[in-house]
Structures are given as C-alpha cells and as structure tokens.
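Down below are the structures I want you to see.
Presented sequentially are two complexes of chain A, the first with chain B as partner and the second with chain C.
Right after this comes the complex of A and B.
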C-alpha cells in the first residue's frame, strides 16, 4: 500500500544526514528500513552491492536493468539516495560508481550474519515469565488498548454503553491532540478531519502514524529522536509471545516503553516488571499490510470472541450499494456509520446503504473517497473476496479482479469529485527556459524519477514535488554543455 | 484529476505484493565436495548460503524459505524440519549447533527468524552427515537430485494452497467447482484448476522458486534422468523457475531445467565468490526479475539420457509411439517402455549410406528392382 509506506518514508526523508548516520548504527534499524521502506528493485541493488568490495560503476548498474524499466530503476535509486543508503563516488579512474554508505552497510551485514556484541535485536528474558502470557492474551490486550484509543477519538462511549472503556493515560490524549487528530474542548472530545482520515486507515498505517507523532513529540520534550526511533525499529524485529529484558534499555527508552504500553503496542504486567512483551502491533510494524491483515485486524477489528478462522473481514457490499457488516463492535459500527445510512441493527449484523447523501456527508467531514474505499477493502468479507476471485478467473483476462464492486468504488469517487474540484500539491515550479530542448530534458528526467506533477510545453514550465534532484540534473547538464 | 479513471480500481489489489517462497536444494554429495575442498570448503559454502537465505528473508516480512539436502543416498529436509523442537529454549540447549569449530554466537544479537533457520539447517545437516556411513559412500557416488526436486515441489504445492486459503482472495478450488456446477462454462472447470498458478493472477499467488546449488557431475545423475525431467516439466507447468548455481562439473539436465523454466543458470568460475554470485544473480524474486537482465545460458546442452543404459547420448533412437530414447536399437525391436514392436530392421543400412551415395543412379534402379513397399518412387534430387 503506497499510503502505508509513504508516511514514515516522508518523515524519514526529512531527517538530517547525521540522524541517519546515528540511526544506521543499529543493525535492527538498518534491517527494518531495508525491509519496510524500499521498493523491490532497490532491495536488489542494495543486496547486490552489499558484499562488493569496490563501488559498482553506474554504467554497470544501468546495464543490469532492462531498458524498459528505466523508470523503476530511477525511482529506486532516488529513494535510496534520499534515505542516505546509496551514495555515488568516483573510482580510481574517475568513473562514477555507486556504493552502499557505511554505517548502513556494516549494520545490514551484521544483521544478516550476526554480530558479536550489539543487543540490537533485544535480549530474551528467560525467566518463568516466558509462559505466563500467551499470544492470545497479547492480542486481546492489544485489541482492547487500540480500540480504546480509537473509541476515544470517535466517541463510542455514547454509542454502546456496555463496553468497558479503557482508561487512557494523559500522555495518549495529549499525543492525539498534538497530532491534531482530536480537539479537546473542555470535557468534550471532537474528532478532526485528520482524525477521520486516521480512523479509517488500516491498523498498520495507524500505528505508524501514531509512532511518528510520538517521535515528533519526543523531540519537543527533549528526548533524543534517534534513541526513540531506533527503539521503535528494535520493537519491530522482536518475537511475538516472548518476553524481553528491560535492563539493557536506556532511561529514555524505558519511558517510551511505558508510553507505548498505553497504545497496546507493548505489554508489561506492571510498570516495574523486569521484562516486557511486544504485541502483534509491534512485531508486524515492518511487514506489508497483507502480512498482518489476517491475524491483527482479525483480532483487532473483528467481533470479540470470534477471532481465528480464515477470514478477517466482515463487510459485504453489493452492487446495489447495500452494505452488510457482521460486527457488534460499537467502534466499527460508528466508523461505518460515518459514510453509510444505517438501517437495521441485529445482534451480530448491521445493514445499511451507501448513498450520495451519506458519502457527501462523510466528505464534508474531511474523509476522502480513497479512505472510504480502502477501509471497505481492508475489511471486506472473505465471501466477497472469494466471489471476486471466482469472477476474475472465469473471465480470464489480464484484468485484476477487484474485491469491491467497481460500480460502487467508481461512484464513491465520482461523488467526491462533485464537490472536490481542486487539489493542492506543495512543490516547485520550473520556468523561464530559453529553449525547448533545455526545457524538455529536465522535464523528462523529472517524469522518470517520479516527481513531475504537471507540465506545459507551450509555456515551458513544469511543476515537481521535489526539486533537489532536478536541480542537480540541471547543474550536471550545464556542466556537461560547457 | 485522473483519480477517477476506470483503470485505477484494478490496480488497488495489485499493490499488495505477495511474498515469495525460496526453496534451496543443496547438493551434499561428499565426493564432489571433497574435490572442492581447496577452493570452497563445504562449511564455508553453507555459511554463504545461510547469509543468502537471511537476505531473502530480510526482503519481505512474509517471505518463506525451505532447504532440502540432496545427499548421496537420500534427499532430506533441512528446513523446515518436522522433528524440530518447537520450544525456543530447547533449540539453544542441545548445543550441537556449532559446526567446524565455529563457536555458537551469543543468542541475542541475531534476528529471530534468521537464527531459527540457521540452527535448524546446521543441526539437520550435522545429523545427516553423522548418519552417513562409509558403506553408503562407497556404494553411491551420485546425488539424489530427483528426490530433492520432488520434495521441493510437493512443499511448494502445499504452501501455495495453504497461502491461497489463508488469503481468501484466491480460493480457486471452490471457484473451479462452482464453474463446473453451473455447467455453462463447458471446459471452464478444467481450465480453472491449473489457473491457481497461471499468469492471470501472477501477483496474487505465492511466488515460488527453486535454487539448486549443484556440485556433482552430470554422468552421476544420468540414472535419474526420467524423474528429474518429470520434475522439470512440472516446474515448467507451474511457472516455478529453477535457478542453478553450478560450483563444479557441468550438469546436462540442470541446464535444461533452467532453460525450460526460465530460471537463472550460472556456472561459477570462481567458487570462492559464491556469496556475491548468490546476492547478485539469485536473490531477485520473480517480480524484480522483470526489470533486470538475467544471466542465462545461450548454448544449452539439450542432450538426453537413454532409457536403457542411462547413458547421455548425442544421437539416439526414439520410439515413435511413446518417445522413449535408446542408445541402441532395443533387443528384438520391441520398445522397452511401451512394448510396441518397432520396425528397426533397416537401421544397419546407416553406415552403408556413404558408399551408396556415390552410385546414386544405380541405387534408384536397384531399389525399384528390390521391390520396396513404397509404391511411388522418391523423386530424385
């Protein structure tokens, strides 16, 4: 999911080179960033270069990639450059060459081969605590805490009274407020536009969102962001169901641990216990959304007590816009009611209809069509997936089978377009080119590295989201011309 | 503005990239490794392969790996092993993880999945080597590649089905059954069954591939020609590439294997660089391979082994009914596979072709006189 990776990626890109230098000293961080942030091709490049003694000349790398895949190659190289993983040097005979930058290369090699002295992947607590907490308990804890946070934001306490509301700590509430996900007016909690977008995302994206907010706020209160970040990446490489020693952690990391326990990302029996357990929310941080969709969302969002089984989703949508949701969770019901006109509610089922009116209401609250669709997609009932898989094979075209009925997804987008006619993109405008040739080369380059948003040949202008590489390209062109 | 064009919702599903399953078949033939002792000792090769496996696991959270040893008298699972102690603590205590004097690394500084694989592989490998007796070695010089390939294939099949079921998106058995029940599709039920592997949902299924690290020579495996070729054709049909990393010798059938399944074939000129070769050529999975120029072999050795003596032959005799290959005419003219009587009587005429060619005119006359069953005389050149 592009949306799932882009947010942490954007945050990381904003960090300075020295921060990266410190981060990459931890093997677990290097591994997590390698696994989570890079596209496939970039991973191939890194691995191919990792054990090379000498830098690989750029020409050789270009030969390695198919000519048709130039765009993917440039995109991969650009991401690697932005994350300070790949750098260009010159070899002895002045040929430009790529190499993996040093702290990253050493750390990744250590991660792959095992290092001698670092405690980068956590220290097992081998005490009797190992068997005290089962995976099911951890899932239940994570689900309860996370739903508590969501419920607090959406305000489900008014919705279904039977739920035992989790006591959220002050830190959690402050964090949500600082991230502009909720606004607190007196005793009332109002969810913001960002908040609506947030609650509709899949769990993995939500966790990342929260964690990045946390890192940002940690900087504000004087904690070292590198320390916190590398701790987060450490968490993501821990083993579910095992307990880990606390005594190797720094005071700041211990403080982080306590805060994360409020979100259900880690579990500790009491704040002074000598060990902690990562929950599934933590261990699947660096996985793809597909890898975690089943176990986590199954236990997190599905009706309590009905976990397990092959399917995680509970929503069925028909081509006539009718929606059936097999859930009794007040949180899910209130989420669905954001963009649906609910009609009936049964003990384990709610039904409703998606209408123009209900979608417009959602959009006016700041929810986008894509968020609605991705919510529906990630919670689609297995029956719906199966039906579409069957449909997809029977027509046997190259077309991807879509889980949701295309009429519904298209119509939701069209309803959004009815009122959403402008879109703002922050970026940079390049203009005043003297000749067409001078204009077209950087423009083409920008398109290749995937930053081009708009261009006009007549006006000799183009607009990009990121200017550093284009500027470097222009400079190199000038240098070459002279 | 383009967000509402009709194609976008089709791409949504494709962005969820499916993980890949890598099956490594290590040829553990002791005879062949003994020859390599100077350039690349077995322990070092295994260490390199383990790093490579870690790199594969590092690429994606859900990537899976399986390791099979193709030993001299049997093929055995190295990972995942059935009898492995599942308890995490036990795995460390049994202490036989160390191999060739390597001290066991302190247990905390390695990513868990990496360590589990490493421990199981080294332990099972040690068990395998310990269980090999001198008699086994003397009696058998080759490697059980066919058995290893079959193990790998059955594991891939099992994992593919399990993965498809877990992910609901491709529960195609049901789909096929429904298609057959409705009856309208005609051959739809038949066509849909292999579709689990077909290109229409290439990105949605578990991406499997096989890597064979081979050291034994070709003549050794000739006696397994038929089972090996059957496995290769199974892979070809299931779109599973077989990559071959050839450390020594040159295996005829493996060239055909990678050629038929569009895998990578590399014969290493410098075995010491094994890790770099593995990382560069064999690590990219099927998705990345679309973008890369892969090392393949141009001059593939297509020779086959005869069914009668298991010899690799350049020119042989092929049964016209069942296509069995023989290095010499089968005794009595009966095909040894299907039992059809073959008319091979004229075969001895082949060496006599040259002298006849000289007196071409005479031969045409003589042939008609001899009363060949062909009614229309072959047009002369």
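Right after this comes the complex of A and C.
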C-alpha cells in the first residue's frame, strides 16, 4: 500500500497552493484524494472536522490520540498539512486550532451528500448492463493495451513473435522515453534501470507512475496540469461497465482521453464516438481494495488467464529454487528470465531455476531483491496460496510472507546483501586525545547532537558524520579550561 | 592535542576486513586508521568504488565455484 500511494502523493506534495485550490474545487478530486491519499487516521481527522462550524483547538485534537501513537498522529497531521487539507488558525481567544481548508471542505461535503453539479462525477451515457461493451471486453482491451506497453519496454519481440502485439502510438513511446523508462537508440529500444523496476511493480503502481509522467509532460506542452489532474481523478471515480458522455469535456480533456485510450485506461470505440468507457485500470486508481489483492491483474486473468496465460497466479516455486511458470505470454517469460535461469520451454510452461548468478545479474541491472520477491508473490500460483492457507500461520504478516518458500525469499535477499558487504559512512575521525576525560566530553556531546557513529574508549577515538559543531565544542572547552 | 581526520567509516564482517587489510599491505593506499575491533575501519574516501569492485571480483572468484559445483 505504502509504495502504491507514495508516488502520487510525492508528486501532489510538490504542487503549489494555488494548484491545490483549483484542484479542490472539483468534488471528485476532493473525494479521490480523501479516499486514496490519506492514512486512516488522517481520514478520521478530516471526517471529524468536516462538519464542525468552528475550528478545533489543537490541544483538543491531540487528546483524541493515545500518547503511544504520537508518531502516527504527527504523520497524519503533516500529510494533511502538505496536501493543504488542514490549516491552523487562531480562535477568538487566540488558541491555535485546526480547520479543514475551504475548497476542499466544500467539495468533499458536496461529494458525500450528493452535489447539484453532477458533472464532476461524469455524465452517464448508459448505465452498467445496458451498454454494448461488456466488462469482460473492457478487461480484455485493458489487458491487451497494457501488456502491449510492457511488451514494448521489455522487448518481447526477441522472445518469439509479435503475437497479438498492439500498435503503440507515438505519444506512448515518447512518454516512456521522457520518463526515462526506456531509451531509444535508432530503431532499438533499450529498457533502463528505472524501467526494470517499473515492469516488476504491481499494475496499480505502474498506472500511477505513467499518469504522473503524463501530467508532467502535459505541462511541458502547455496543457493545464490542473485540468488533466482533475480529469484523472474524475476517471477514477467512474463506474466500470458504464459509458460516459464526452460532450461535457473540455478540448484538453478530450485529448487526454485519446492518449489514455492508448494505455488501455479508457476505451472508446473510435476517437469520434460520443461516449467512452473507463476500464478497470481507471476505476481502481483511487480505491483501497486494489492494494490488497491486486484486482487488476487478478481480473484481467480471470477470463483470459487460461489461454492468454498472463497476469497473476501462474508461478510455482519450490524450496529447491526451481521455478515453474504456467504461461505462454512472451512478456511474462521475458520478465521471469530477468532473474531466473530458464531451462525448458513448453507450449504452456517454462521452467528454470533461481540461482545466485541469475539474481545477481538482475541486481546488476538495477532490480532489487524486494522487487523480485513482490513480483513472485503477486503472481504466485493458486496452489501455492492454497498450500499456505492450509498451513495458515497465526499472525497476519506471516501469512503473506510464507506464500513463497521462506528459504527462497531469504536467499534472494541474502544474494542482494552479498553485493553490499560493507557499509560506508562518510565523516571524520577524532583521535589523539591525551586523556580519557578529554575524550569523553566531546564524545558525549557528539552523541547528544546525533552525529556520533562509532566510538572506542580503549583507543580514545570516535567517528562523527559532521565535525563543525564538535570542533567548536572542543575549542570552547579548551578556552574554558584555561 | 586532538585531531580530526576525514574518511569513510567502514562497517563489515571480520572476513571482509581481513581482505581490506590485505589489500592495504601492498601499497598502504586504502586505510586511514585501523580501528582495532573486528568490524570497523576508516578508509580514504576516494578508494571506496575501487575497493568495492575489487572485493566483488575476489568474492566472485571464491564463491562462484561453489555455485557451479551444485548439482542441477
């Protein structure tokens, strides 16, 4: 969850106050940010404050939270502050107090209670079930487009055939290049380190990554980022399977729509059609549930999984590091081959072994052990999960971790650690103290200001990350002593 | 009179430390100060990359054989 949220959050935090002001005028944006970007505690605060008439004194809010959870409280408050949702004012008796800032508060209230201005949440062309395009069709379209993008990045053509490859538009390729996910040299496409990390992430994180790149590039060509952003948040609040009117959209939003169709985030029969359909990639953008079971890949494989053999639930790993992947998707095979020594390939199955060399090769390309493990985890075969459920462990954390054989995950991490056999800290070594007393005072001072890394009484030496303050302390002591 | 010396504090296994000490014996161009306990020493800042590459190479040579002798 944290990783999935952090990127859009980071981007949003970088925006200016006026941008927020404009963004929050849309009820759909306020709701999407509330639902997706805020930690639970922050949501509680917002809900509690939303309908208060007067600002709430800070001290009153602080006693809602146990003292042990001070860290979570501060974190929640700081996120709310950075997103310009909560501001501090002073009440009549000059007490510091919190209130929910205005365009956000109004918009969120409107979103919760049903607004007069229903355009903010899109205008139905036809409700779910009445359209010609079924949810299965939309899923299939989204899967094909998204895999096409991934396939383009990894260069699946090397792995036997352009089987139902999609034609990517020039815009998509430019966006991937601008985001440093691929490098284009002549006619060759080379994936970058960032790109490797990208393809192994779960779909929701990937979509966010792409969307933020899109917003940034939109700014560069002079489109209004607020318009694009609020459109993205609008998309995320639409209903899967329904179609929506296009005539209420601005020209820039229509342009965005066409670009997003290339990624499979929305679907339209043709660019001039009067309505569009959001796909599952769009509707799960701001929902919490996606982080748990990854419904995008899950549902994308539902109908197509057996034949297309992509998405989740096809990898089996044994405790002896052997890997069996029931897939014929060139994309998945090339992804697996990034960190596995593949040995045999059958029509619907590839087998291989995860070895020290194969993992190190991956790490040298810039893939981390955690990325490999999370990829394996999100694509683990139902049989592995079943096995895990049968031997269910008591604590919730253990359940997730032991879907994969712990020996394998531990070993992958160890192989990564092997590359970092030493930890280096830059700084300064203080030495040549004449007496223990002379040594211990500055040493203690360094510890107090938090720059001490290592010390040895025996050798009368200590190591600090910054020397200025310690040196000043030493000088002042010497001055005082004389 | 106390002195401050710029450097990199290295934290590592005793085995790695032994290897660094061995490299240093050749030309004394790595170590600023050997900190007498099992897993710390201070080296020159400029030598870190060089040291990492050299360690990786040597470790590879030693552990590689083990990996290959493993039966398939």
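Just so it is clear, the second predicted complex is superposed on the first by the 382 of 482 C-alpha atoms of A that agree within 3 Å, B and C clash if a C-alpha of one lies under 4 Å from a C-alpha of the other, contacts with A are read in each partner's own complex, and residues count from 1 in each chain.
By definition in this document, a residue touches a chain if its C-beta (ideal position, glycine included) is under 8 Å from a C-beta of that chain, and two chains touch if they have at least 3 such contacts.
This structure is a prediction, so every number in the text was calculated from the model and none was measured.
Trainee: Pick one for A:472: touches chain B only (first), chain C only (second), both, or neither.
Mentor: After superposition on chain A, A:472 lies in contact with neither partner.
Trainee: So in the superposed three-chain picture, is A:386 touching just chain B, just chain C, both, or none of them (first/second/both/neither)?
Mentor: In the superposition, A:386 touches chain B alone.
Trainee: For the three-chain arrangement built by superposition, which of chain B and chain C touches the greater number of chain A residues?
Mentor: Of chain B and chain C, more residues of chain A lie in contact with B.
Trainee: In the overlaid three-chain picture, which partner chain does A:113 touch, first (chain B) or second (chain C), both, or neither?
Mentor: A:113 contacts chain B only, not chain C.
Trainee: For A:423 in the superposed arrangement: first (chain B), second (chain C), both or neither?
Mentor: Both partners, chain B and chain C.
Trainee: Name the contact category of A:28: first (chain B only), second (chain C only), both, or neither.
Mentor: first
Trainee: Quick one: classify A:63 as touching chain B (first), chain C (second), both or neither.
Mentor: first
Trainee: Once the structures are superposed on A, label A:50 by its partner contacts, choosing first (chain B), second (chain C), both or neither.
Mentor: A:50 contacts chain B only, not chain C.
Trainee: Overlap of the chain B and chain C footprints on chain A, residue-wise?
Mentor: 423
Trainee: Once bound in the complex, which stretches of chain C touch chain A?
Mentor: The contact residues of chain C facing chain A are 1-13, 16, 32-33, 35-37, 40, 42-43, 45, 48, 51-52, 55-56, 59, 63, 67, 72.
Trainee: If we count contacts the way the header does, which residues on chain B are in touch with chain A in the complex?
Mentor: 1, 3-4, 6, 9-19, 51, 54-55, 58-62, 88-89, 105-112, 114-115, 165-172, 174-176, 178-179, 185, 188, 191-192, 195, 200-201, 203, 275-276, 279-280, 283-285, 287-288, 290-293
Trainee: Within their complex, state which residues of chain A touch chain B.
Mentor: Spelled out, the residues of chain A in touch with chain B are 1-2, 27-28, 31, 34-35, 40-41, 43-44, 47-48, 50-52, 63-66, 69, 72-73, 108, 111-124, 126, 130, 237-239, 242, 284, 286-291, 294, 310-311, 370, 373-374, 377, 382, 385-386, 388-390, 392-394, 396-404, 406, 409-410, 413-414, 417, 423.
Trainee: In the complex formed with chain C, which residues of chain A make contact?
Mentor: Contact set of chain A toward chain C: 353, 355-357, 418-419, 421-434, 438-439, 442, 453-454, 456, 458-459, 461, 463, 467, 470-471, 474.
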